[in-house]
Structure formats: C-alpha cells, structure tokens
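Worksheet: one structure, shown below.
The letters A, B, C and D name the chains in turn, as written, and every chain counts its residues from 1.
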Amino acid sequence: MREITLSQAVNEAIAEEMRRDPTTFVLGEDVAEAGTPFKVLSGLVEEFGTDRIIDTPISEPGFTGIAVGAAMTGTRPIIDLMFGDFLFLVMDQLCNQAAKQSYMSGGKLKVPLTLRTNLGATRRSAAQHSQSLHALVCHIPGLKVAMPSSAYEAKGLMKTAIRDDNPVVIIEDKLMYQEKAAVPEEEYLIPFGEAAVLRKGRDITLIATSSMVQVALKAAETLAADGIEAEVIDPRTLVPLDEDTLITSVRKTSRAMVIDEGHQNYGITGEIASRIADKAFYYLDAPVQRVGAMDVPVPFSPVLEDLTVPTVDAVVERVRAVVEGRLHDVA
Amino acid sequence: MAAENKDDCESYLHIYSQMRRIRAFEDNANQLYLSGKMQGLTHMSSGQEAAEVGICEALESTDYITSTHRGHGHCVAKGAHFREMFCELLGKVEGYCRGKGGSMHIADQDNGNLGANAIVGGSAGIATGAALTSKLLGKKDVAVCFFGDGALGQGLLYEVMNMASLWSLPAIYVCENNLYGEYTHVSEMAAGDLCARATAFGIEAHELDGQDVLAVKSLADDLVARARAGEGPFFVLLNTYRYHGHHVGDINRTYYRSKEEESDWKDNRDPIALFGTWLRKQKIATEKELEAIDEQVQADAKAAVEYALEASYPDLSEVDMHVYAANA
Amino acid sequence: MREITLSQAVNEAIAEEMRRDPTTFVLGEDVAEAGTPFKVLSGLVEEFGTDRIIDTPISEPGFTGIAVGAAMTGTRPIIDLMFGDFLFLVMDQLCNQAAKQSYMSGGKLKVPLTLRTNLGATRRSAAQHSQSLHALVCHIPGLKVAMPSSAYEAKGLMKTAIRDDNPVVIIEDKLMYQEKAAVPEEEYLIPFGEAAVLRKGRDITLIATSSMVQVALKAAETLAADGIEAEVIDPRTLVPLDEDTLITSVRKTSRAMVIDEGHQNYGITGEIASRIADKAFYYLDAPVQRVGAMDVPVPFSPVLEDLTVPTVDAVVERVRAVVEGRLHDVA
Amino acid sequence: MAAENKDDCESYLHIYSQMRRIRAFEDNANQLYLSGKMQGLTHMSSGQEAAEVGICEALESTDYITSTHRGHGHCVAKGAHFREMFCELLGKVEGYCRGKGGSMHIADQDNGNLGANAIVGGSAGIATGAALTSKLLGKKDVAVCFFGDGALGQGLLYEVMNMASLWSLPAIYVCENNLYGEYTHVSEMAAGDLCARATAFGIEAHELDGQDVLAVKSLADDLVARARAGEGPFFVLLNTYRYHGHHVGDINRTYYRSKEEESDWKDNRDPIALFGTWLRKQKIATEKELEAIDEQVQADAKAAVEYALEASYPDLSEVDMHVYAANA
C-alpha cells in the first residue's frame, strides 16, 4: 500500500469530505495560501477557493463562535486552531456554546463542527506552544474527542469527525506531521469508540494515546527481547471511550499502564486507570501504572524539556518493575 | 407616518399585538415566579418591546436571530407560541427545548430563533455564523444578533464584528441599551461612544429611540433589505429601558437607579402606550379595538399558563438523551 | 463559638486581609455597591471604597488579564468571577498567563492572585450557570485549587489563598452561601495541602469535595445506624492534594469512595480513585468507587436536574453495595 | 529637529546605538538558528528598531513594558544585556529566565520588561494591570503594551482598553503595524480604521511613521509625561516593516509579499540608515564615529554569543522548580 505522511492524510481527508459535501468549509488563521504554518492544508485553496478555505483574523474565540453558528444553520465547518495551546481561548465557545446546544435545545439544534488542533512538546516552543490539553475537552459532555496516532488513523478519524453531527475535537501530534504510514487509496472511515489493538501480548496492557502510541510500540519491542509481551492498545477516541476493549485486555494480561502526553495530574491517565482498577479489580496483579507528562509548564531549555515527556526508556523500565513486582514498598 | 392602506393597518395592529403579547408574557412569568410556581431566575424585558418587535417585524421566519438571558421578548417577537414558551419556563416536555433549556436557553428553532444565551455576549459568534452560512450557501437570510449594553464589554463582539465587516456578512448587531448591566450603569461599563465601537470596524451604525416602534421598524426594514442585498453588516443602538429588576428577584433597586427614573420611562416613554396613542390618533384603531386586542392577548396568555402548569415534565429517562445528536 | 454563614465567612476573610495588606483589592462585576448578586461582598465597598472594590465591565477575560498584570507588579488582586461557568472565558489568561509566569521566568516573576468563583447545580439555572468546573483548573500546573466545604473552611482557606504568592482558584458552593457553621472570632488560616478528617470510621473512606462533603457526612450518619462506619475526609485543596491522609485512611478501611460534583468523566474522581487504587492496592477489599455528577450538561427542568447530582441516598446505597460485596458481576 | 546641546547629542547617539544593538542581536540570533546552534523558532524584529527604541527611550527603567513573540527588540530597547539574552535564547541557566522561557518568553524583570508572550495579544491584560498597580499604589509608573497589527484581532485588547479608558490608567498601547500577521496582510485581518479602534473607547490615538525614530521618541516623551500626569491611556499606531520572514524558518515568502516591497522598505525606509544620515547631516556624528559604534556593538554581540554558547544549561533538577513561587 502507498505510504503518505500524517499531514497528507489530514489534507486528503478534508479534501475528500469537501468534495462530498459542499457545505463543508475550513476556517482558521493562514489556512488558505499559506496552507497553515505546518503546511497541512497546502493546496486546498487551489481546489476549493477562498470561499471555502477561509483565512481569519487572529480571533480564535470569534471564529470558533462563528463556526458554531454556521454549524447550527446548515454547514459543516472545520476549525483550524493553529496550536492546541489556544484551546484555552476558545473554551467558552466550544464548551458553553457548541457542546451544549443539542442538549439545551432538547435535541432540536445540532452543531456538526470539527475543531482540529494539535498537541506535543519537544519542539523547543516553550510553555505556550507545547501543551497537550485534551483532558480539558474530554471532561465536557457534548464534545467528542479523537486522537489519531498515525497517518492511517488521522485520515479515517478526520472523515468520521467531519461527518459527525456533533462538535468533535480532533487533536494531531504536531511532531508527527511528516511521519508516513500505509494509507489505502480507497475511502475508509474509522468509527468513533473503537480502540485499535496494535500489538498482542500476554504480560501487560499498554494503553497509549496519540504521540505515546509509538513510544508504547517501541517499548513493547524492546520488552519482547526480554520475553515480556506487552499488548498495545490505542483508544483512538477518548470520548467515546471503548472501555470494553481495554478491560477485556487487562483482564487477560492482569497488568496495565496508561501512557499519555497530557499532564498526569487530573488528566487522561487517572480516568482510564481508575476505570481499569474498577472493572478489572479482581484480575489485577499489580496497580495500574500511570505515565503522563510532568506536572510542570513546558520549559524551553532543551535539556529540561526532554525530561517532561514520557520516553521509551521510562516506559520500558516501569514495565519491567511492574512485571517483576518491584514497585511500591507496601509497608 | 400615515396609515395608507389596509395591509399597512394590519401590519400596525400586528405590531401592537406583538408588543402586547410580550408584555403579557412577562407579567405572567413574573407572577409564576412570585407565586412560587416557577423555579430558577428569569429576566423580564417589559419596557423593551418596541426594540424587539420593531426589529423582528422586519424579518422573515427564515431569517435568524440570537437572543440573550433576557430572551422572552425576542422569542415572542420572532413568532413563538405562548404554550411552548410557558412549558419551557416551567421545565415541561412540551417546551421548545423539552424543558431542558428553560428561560435562559429558550429557542424557537422553526422560526429561526437560535436561542437565548446565558453567557453575556455569548451569541455574537452564533449570529455571525448564521450570517456566514447565508453567504456561503447563497441564501438571502439575514441574521440579527440581539444583545444588551453590558455585552459591549465582551471582546468576542469586536472579533466577530470585524469578521462580519471584512466578509460583508448579512448580520445586524442590535444593542438594546437599557442603561444597566445588572446593577451597574452603562456609563461605568462603557467608555467612549457606543456607536463608534461598530464604526471603528467599518460598520455602518445607527442610534435610535428604542421606544418608537415605527422608527425601529422602518430602520430595520431598510437595513434588512440592504443586508439581503449584500451591503451588511450593520449596527443598531436602541435606547430603551427595562421596567423590572435585573431578574425577578431584584426588588430593592434604589441603590442603583431611582424610582423617579423608573416612573419617567414608564409614564412618559412606554412603547406600547406611545404606539397605542399613535394608532388612535391615526384612526387605525379605536381605544376599544385596542382593548379587545389586550383582552385577547391576556386570555391567550392565561390559557397557555394554565396549560403549561398542567403539562407533563419530561420522562426521567430524558436526562441523558440529546447530549449528542444522533448521526443521520 | 459564634456561627456565621459561608457568605459572611468569605466576606470576613477578605475584609481582614484587605485591612492587613493595603495592596489587596477586589475586581469583578457588581462587587461594589451591589456586593455581588449573591451579596457575598456586601459592605466591603463602604470600608474600602471603590478604589479597592472595583466594579468592572462584563469583561471576564479582560479583567482577569488585568489582575494578572497587577499581581505581577506588586499587588494582590482578588478576582470575583460571578459564576464558575465563566471559567471557560478566562482560561487563557488564567492558564496560559497566570499559571506559567513563575516557571517561564525561572522564578523571577510571581502572580499572587486569588480567583474566587463557585460551583453547584440544582438552582434551576440550566447548563451555563450550574457547572462545577474545578477539574479543568486542577489539571494546570502552576495553579492551586481550594474547595471550601463550610463557613469555617471558607474563611481559613480564603485567607491562605490571598496570602499565597501563586494564582489560587477558590471555588465556593453557591448553594451553601446561607449555611452557618462555627467560625472562631480569632484569626486562623488553613494551610493548603492538609485534608480534614471529618468523621472517623473503619469500614470505608468517603472522600468528598465541596458540596459533596455534607452529602458524605449525612450518608455516614445513615450508614452508622446500620452499623457501617464510614470515615469522611475533605481534601480541602485539590492542588496541592494531601495524598498521605487519604491513603492512610484507605489502608485502614480497605474501601473507598470519591464523591464530587464535577462531571465524572475525566474529572476529579478518576484522579483520586486512581491514586488510591495505586497506593493502597494491596489493602483494597473492593474497587474504589467513583461518584461524580452525570456526564450531561445541566438540564433546566427540575425533575431532570435533581438526577444529575450525587445524593445522600445514592451514596448510602452504593456504600452498602460495596461493603456487602454486591458490586460488579466479575465474570 | 536640531541638536541643541551635549545631553541631546548623547541621547541621540544612545538611540542610534540601541537601534544598532537590536539589529546586531537579531542578525546573530538568525545565524545561531541557521547554523543549527539554536533550537526552536524565533521571530526577528529587524526593521522595527525605530518603533521599539523610540518608545523605550522615553521610559524609565521603573516603567513597565509587555512584549510579544517578536520580543528581542523590546527587550534590548528596555535596557537588557546581550549576555543574558543570548543565554535565554539558548536555554542556558544564566538567561533572564534561567533558560525556561526562551525567545518567546524572554523578560527582563529588573528593567520593567514583564516579558515576551507567545499568545498574540496575550499581554494586553498584563500591561493594563501594571498600569492599574501604578494607579492603585499611587506610583508614577507608566505601562507600555507593545503588540502587532495581528493582535488587533484579539477581543481581549478591546476589553482592556475600555477599562483603561474608564479608569484613566497610565497605559500606552503601541501597535507596531508591520503589515502582516504571519502570512496574511493586515487589510485581510482588520476592517475599518485602525486608530478608530482605540478612539471608539475614548482613547486618544496617534498614527506615525514608525521608521522615524525621533518622531516616535518625541511623541512618546509627550504621551509618557501625560500618562504620568493621569491623562492616559493613549494609543499609538506605528507603521513599520519586518525585514525577515515571520520567523527564522519563513524563507520563501513571495506568495504573500513581493521582493520589491521588501527592498523598498529596506533600501528607502530603513530606520537606522535614515537616522544615521540625519546624525551626519546634523553633524552630531561622523560616518566614522557611527562605524565605531557599529563595530563596538558587533563585538559585544559576538562576545555575548560566544559566552552563551559555552554557558551551562540548567541543572536537570530545575525541571520541577519554579512551578510555584515559594511563599515568603
């Protein structure tokens, strides 16, 4: 199968959906001629024109609000939010307005919008351009949250997001835009709420999101050399979450680790770990391990920044400790 | 302005009746609250009827409006029924939002009312987005964004007015300046000239006596037509007053506004009284005919209230329905 | 000891701190003559004048930003955010600016500001005036988060918050403003990071926050009549979190339940439950129970709204099920 | 303007030297990036020196400024040292922020520079807050908020300008209009008249050639004095240009601006060249004296870069230090 980059996959998904549905359009900063700073949308304006690939002023709250209203009245906007860190700016429009319209109107209004943005540190972009803030949107009922971990997932999830009749936040790993993966030429969609089991194993279940999926897979490879077989699962959407697949796996392996690039405190790892600790309680041989980013703003200094994000080595070491039973002193 | 023909006369009487309907709705809402039959807080717009009706009479039912926490008047003016409105205020399943929205989120989806909003200024983006839809899909719909003087404090408004102006959207921003945001006078909340806040973004702005329904209607007719023709956006500042407190519970309010000020507006600038006098002077309606309208409206309101009081609450299973729209 | 309301306690705390430190001031909507819609600040403007009790326009992002700058330059602002739901509006200024200044400047700048706001449903205020959004701020390093559960806690925590050199979000339960509790006349502060054990018990640990503390205490009373002794703990601050006290208790009782009024999904209960499931792994007789608010926007209709928030009955019933071992089918 | 006395002459030469220092700093930053010695992205302000220096020369070190993602120029102009600046850009512990902030968060706390900001418009509140502190504590400090034309899109700016105007704060909002926000021209981002966006809030606004350092300085002297006297806030629009791409990686940019436009600004409107010519014409300095300044500045920059390249990174234990300020 041909290989394309994550960036191309997103671009293709949007182009295909825009061809399919003339009410779909893109709204954001420098999306048209510039094709975004990451060049993810390059070329779209040539095909669809500036009426449907709309450059906005630097007004994230405003254009998000506009997208909400446009979505409520018969279009399918795709918001391009240049950095995930700007989610803070659009929270009111996203969470007070978009997320609640369907419910507040008793199902009579809907907001079929897609907000695509990104996450990920280690680009030396410091505290306001490196955050992984998906936990915030996961907490708000009415939003769906998708986290592609490869070009393949990115395309399929994006197409599903655009067709969804609800506000969907889809968060890409900005460090993976140039990473290639096999992506079919034929159309495909990835349904929301279906985790992908990326590697089978019997000793521990590694549940990893987005940027951490590659970390988990690499760790699993290293561990395999030691005879430790890790099962690796990518939930793909955090809302809805495919709890069944996770629980079934952990009931089999008896051990689990959740790896996510968001801050660890009050984030994704706590939610997933506590669901497992609950539903697989009688099957667990060791406490569920949580591996999130450090609870510090992302530092600029390269030597410090690299410490804040979970690494393959850290995961391998922690898995060994769990499997070998050298975890807590349980005095 | 002179009543020229029968159509005009009907239109005038409709305007009168719509203003009356808002007043009656609010009086009943107030009573429901004071008698303990309605829970929560609610914000009445009595006194502001000319602004609401004057604008909405210029709109088709396919045109959009967005409203505010003080949203009953806009809802009535855009064509909503009393029954579904009172049901909504009482949390009943026959309400416009199946009881889930209540007073602060009342909407009338079939008549283009995209809903009240409990975030001050929160619907400025939504209205602008509706105007963008109109442009993108090549429709002729206009979107009116109602908001109060207090909402001039929200930066979002300036962001979306800028985009509406850049993209020539068919949006009309209607500021009902009732002089207060909660318990604070507009002069303590807004520096500079209010209309300049729109002209700064290249938007044509108009300031008007918001108690003069015909003046409002006539300006609205003009601007709506121009917006449909692609000349938008526009900004309209309507000077008006709310008779009640900020919400139904705001009873002692002399610390922020005087009784004299309140009576002056009520006695001398009431939009319904002013328009009634005009109708009689123009011989469009006699006092008796107007009274008949009043009585009919009251009776309608009473019947709707009674219906709503008896109506059913949503089934408890609805609590987790509608969080997500079912995909088609 | 005299009893005063939670509202009076907050008022007293602020007045005392404003007397103590002339650089302290209040900024918010309708805080001066109106004393806020909940009347919590009534009377302060008489003593401190409109220079220090400052009415703002309806500009939450703006006045939060102004408070950040004021705090960075030698004052101690207290932001009054009328409803907790408006946190969405101030997230950028609070989380991108305030929370990160100390870190981004290598400790050379600080932001000693207090943001007080509220939480709580069942006031028939619908989806945009009823939210309990503390999980969002708990996730952001650089912020501290305090959650008073009574007048006593409200006063002591507020004074500590105002004196803290960091941005502190303090969230009051708006349904408790008129609830009285014994509050000393003498000055006292409640240190951050120290949980309060409000009731001793041996069978289960109930960890409850804010509005849920009374629910937990009432449930404990009912349960006591059945011979089930619940230990009730109020963490008081969620950041920093007094993990030790929680873990010590659960290691003793062997069972735990976390009760919080925020949405359950990706919220407070997951974090605390997963920490317990980790650190008390070998002591637990049953899975840690999570009891959060339903994952739905808050409905207006009273019959529906009451279903969304954890109740005493629900807690009692769930505790019985845990203690009696009738929880999951663990097939 | 004529050079009247020795003090004036020194001040002129200081202005020249400061502009040179900015240019030299940016040239070195660019080189560090291109040679792979610096990680991350950085935004150079070459071309905008007159705006930055003209304003900051009117300020005391106790006055405050807030800066932007394009913040090196403001930092130098407010009095920062090369060494700590390059250390910061390279993530070294001797940097102004111990390496934790980097280019986009560089600050100079001792000289009143509250920091660069990676959120466009994000520091508008901070600057206004600094001005509020000044008023509340009865100080005479003025706070200058630097931002770009792109930041005019952020609603926050209007919210805080409104409050600054209502409360007569000693704040000066300085918009450096370099015609672009990233890859988009200001005319596609901002509708209406730019100065009107401040006058709408009752704020006195001035538009000026941002390449004429003496004009900027003279206006700034006046406004700073008036702000100290309680006549603020003010708004200043400075028309200028950035020579480099949006950031160091923005090399191919003809799709959004022409090479001719770039050369026109560089060749005909360079603020340093213009001011150098003026200095020579006024006989304040000879070409040689100016060259001596240039050389000194270059040498300083080079030494600082070398120092910074050799300097230590923070100890790894610093990674979780400073998340919270230690309470006194």
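Of note:
Here is the rule we use: a residue touches a chain if its C-beta (ideal position, glycine included) is under 8 Å from a C-beta of that chain, and two chains touch if they have at least 3 such contacts.
Keep in mind the model is a prediction, meaning the values are calculated, not measured.
For the pairs B-C and A-B, the larger set of C-beta contacts lies at A-B. Among the other chains, D has the CA centre that is most remote from the centre of chain C. Note on chain placement: the centre of chain A and the centre of chain C lie 29 Å apart, centres being C-alpha means. Computed from the mean C-alpha positions, the centre of chain B lies at a distance of 46 Å from the centre of chain D. Chain C has its Cα centroid 37 Å from the Cα centroid of chain B. We define each chain's centre as the mean of its Cα atoms; on that basis chain A and chain B are separated by 41 Å. Among the residues of chain A, those in touch with two or more other chains are 56-57, 59, 61-62, 85-86, 89, 92, 96, 103-104, 126-128, 141-142, 295-297, 299. Multi-chain contact residues of chain D (touching two or more other chains) are listed as 97-101, 105, 117, 119, 122, 152-156, 159, 162, 166, 188-190, 323.
Within the complex formed with chain D, the residues of chain A that make contact are 29-30, 33-34, 37, 55-59, 61-62, 85-86, 89, 123-129, 294-297, 299-304, 307-308. For chain A in complex with chain C, the touching residues are 85-89, 91-92, 94-96, 99-100, 103-104, 126-128, 135-136, 138-142, 238-239, 262-263, 265-275, 277-279, 281-282, 284, 286-290, 295-297, 299, 328, 330. Interface residues of chain B, counted against chain A in their complex, comprise 64, 66, 95-101, 105, 107, 109, 114-115, 117, 119, 122-134, 136-137, 141, 143, 155-156, 159-160, 162-163, 166-167, 321-328. Interface residues of chain D, counted against chain A in their complex, comprise 39-41, 91-93, 97-105, 117-122, 150-155, 181-184, 188-190, 255-256, 313-314, 316, 318-320, 323.
Remark: chain B residues 152-159, 162, 165-166, 188-193, 196-197, 199-203 touch chain D in the complex.
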